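Report on the following structure.
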Amino acid sequence: MQKNRLEAFSDGVIAIIITIMVLELKVPHGTDLATLKPLLPVFLSYVLSFIYVGIYWNNHHHLLHATHKVDGKILWANLHLLFWLSLFPFATGWMGENHFTATPTAMYGFVLLMAAIAYYLLQCAIIAQEGRSSLLAQAVGRDWKGKLSPLLYLTAVGLSFVRPWLGSAIYVLVALLWLIPDQRIEQTLTQHEQKS
Amino acid sequence: MQKNRLEAFSDGVIAIIITIMVLELKVPHGTDLATLKPLLPVFLSYVLSFIYVGIYWNNHHHLLHATHKVDGKILWANLHLLFWLSLFPFATGWMGENHFTATPTAMYGFVLLMAAIAYYLLQCAIIAQEGRSSLLAQAVGRDWKGKLSPLLYLTAVGLSFVRPWLGSAIYVLVALLWLIPDQRIEQTLTQHEQKS
Amino acid sequence: MQKNRLEAFSDGVIAIIITIMVLELKVPHGTDLATLKPLLPVFLSYVLSFIYVGIYWNNHHHLLHATHKVDGKILWANLHLLFWLSLFPFATGWMGENHFTATPTAMYGFVLLMAAIAYYLLQCAIIAQEGRSSLLAQAVGRDWKGKLSPLLYLTAVGLSFVRPWLGSAIYVLVALLWLIPDQRIEQTLTQHEQKS
Amino acid sequence: MQKNRLEAFSDGVIAIIITIMVLELKVPHGTDLATLKPLLPVFLSYVLSFIYVGIYWNNHHHLLHATHKVDGKILWANLHLLFWLSLFPFATGWMGENHFTATPTAMYGFVLLMAAIAYYLLQCAIIAQEGRSSLLAQAVGRDWKGKLSPLLYLTAVGLSFVRPWLGSAIYVLVALLWLIPDQRIEQTLTQHEQKS
């Protein structure tokens, strides 16, 4: 019951975030294809962020699927994650409108980094509630993707000031890494369901 | 359970898309009816897109009604569909503000085409999960509307550069074609429910 | 099941409509109370529209509570209602920013009128599905409010061109009339639930 | 059933409010960190309002968890609360863009005050429905936070005209006070669940 409402609220916020990002793609005044050309970097950054928000929604989905009870700590850890996700439209717009230049690209990585940390804290809050021996604790097990991503974001933030395109390339790489849904959780859950 | 959240999230995104399209209808500065006149094409393109999004919501509804389990492929096929739907406000605004001129009209058709392909891929992903002999596989059967629409969109994109109004006319035609809810699925499901 | 998703989608659209109306209340550039003064008519029209959307949500809630099955006609009658409700932010902004002058006030009434007709059509579609002898058909019975409101809106549209404040006064009056939730449906349902 | 839809609608509205506040954080035109500096007060006021909306969502959640039946009074008391919450983006934007000067800071406190009163009225409407001896009536018991907050908001509104930073400091203080979820309700409910 409580969990359902947490999911519904998170779905609402994530649905709005993913949709208002498109508002940065402002309708141009000209009528030929050339007027769309300056919109290309904005469009590409929109695609990237859409995939990232999709990944977060997907993993959030799996994470809460493995959660049984929601307490105050989980509620706030979840709001903390939503806060950083809510900055995606801003970071996306700034990076896109400035054609992937250094500082905006680094800032984009910073927001990705903070969202990753917030997701990690939410995972911790849920494991603390569910217990060390819970299904979820086993499922995340050796969470190499969760541990590698922040390091890659940090590297990308640094590299953005040297070669901005390297920063963006790493963001694309991490997105591809995560595009595969969190099969560890899915598999452990499936195994568990087959046993019971 | 998993399916419910997919529906809820899709409903959220579609609800936002259908509503932010109206933001392109900017409040004019004058106070007489004449100031509304330049808004007429924007309004007409809004009506057309509202109907299209309504059709997608309607068919999405039937499609998921016939789905029993959601896997990673379905999740991403669904997000892919939502991505192209999220470009409707942009395409609508561009076509409306430029009074249905050639390139924006063709672009609108392109977005419709991509959404149609994305819907088809989602259908495939669901049938792959449900099985070739599933209710849904039977229901879509000879999916003439699903196969005809992309061809008509393609034709409309081409014709937009010759006579833009022909492109728009085809969009209206396809919308009318789909306005009738997907009765094949509905009928097969009803027959199935009556049997069981 | 089908009904739940119709409710969820309508709730989503109505929630967005009621919230994006506030975006017309643009943050002023000055810092003293005097800079808020020109916003007063925009604020008042926002309050009025907020109440109207609240009334629609409320009655929509009662209407669907008395509905058992959803067919294609109901789906489209519902989307038709949402379409006219989606024009509330536009009509509200135009009336508010032009300080309740003639044409914008009349236009506001026109949108109210169309929404009222759309609501009536939705009611008819539901009664057609539920049957003449259904609970809902009895409940709406002598629907004096539903019949009176369109007449009052029409009068207000006409009077707006004579004395704009008269138009607005009628909108306030009708809102007050409806603020009382649809007790006929509520009572009939309560009686029914007590019997069974 | 009825309660679920009230929760879903409130979740939708609150999710939109919390997300459109970020639209005030407009994408700057420059590309270095210095262009972000003028956005800092807008960002800080966004953080503060995000926390406040989070608190309201959290408490609303607990409040409705303890509610069993929804009547017309509760529906409208809830819409009244949502109305004041919907003014948060405006009040936040005005305070942030004017760097926490006197009148905008006082106005922010006024909106907080009205939302607090609206929340109190909703609580009263629910207790009136649930009965004086209900679980909720016991749970809110000596509602010192609910009684103290409006007084603090009033003080902050007054102090904003003397020292604007004092007003803001009090808003931060009250937010910290509420960050701890309403454990009285949670505890009483937990005790009750353990008994039964």
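Going in written order, the chains are labelled A, B, C and D, and every chain counts its residues from 1.
Criterion: a residue touches a chain if its C-beta (ideal position, glycine included) is under 8 Å from a C-beta of that chain, and two chains touch if they have at least 3 such contacts.
Since this is a predicted model, take the numbers as computed values, not measurements.
Asker: At the interface of subunit B with subunit C, does the proportion of residue numbers present on both copies reach over half, so same, or stay under half, so different?
Answerer: Both copies, subunit B as well as subunit C, present different residues to each other, with under half of the numbers appearing on both sides.
Asker: Determine how many degrees of rotation, between 0 and 180 and to the nearest 5, align the Cα atoms of subunit A with the equivalent atoms in subunit D.
Answerer: In short, 90 degrees.
Asker: Could you give the separation in Å between the centres of subunit A and subunit B, each centre being the mean of its C-alpha atoms?
Answerer: 27
Asker: Would you mind pulling out the distance in Å between where the CA atoms of subunit A average out and where those of subunit C do?
Answerer: Here the centre of subunit C sits 38 Å away from the centre of subunit A.
Asker: Could you list which residues of subunit D touch at least two other chains?
Answerer: Correct list: 8, 12, 15-16, 20, 23.
Asker: Over in the complex, which subunit B residues touch subunit C? Could you list them?
Answerer: Checking each residue of subunit B against subunit C gives 7-8, 11-12, 14-16, 18-20, 22-23, 25, 27-29, 31-33, 36, 47, 50, 54, 57-58, 61, 65, 179-181, 183, 186.
Asker: Touching residues of subunit C toward subunit B in the complex: what are they?
Answerer: 1-2, 5, 8-9, 12-13, 15-17, 20, 23-24, 72, 75-76, 79, 82-83, 86-87, 89-90, 93-94, 97-98, 101-104, 107
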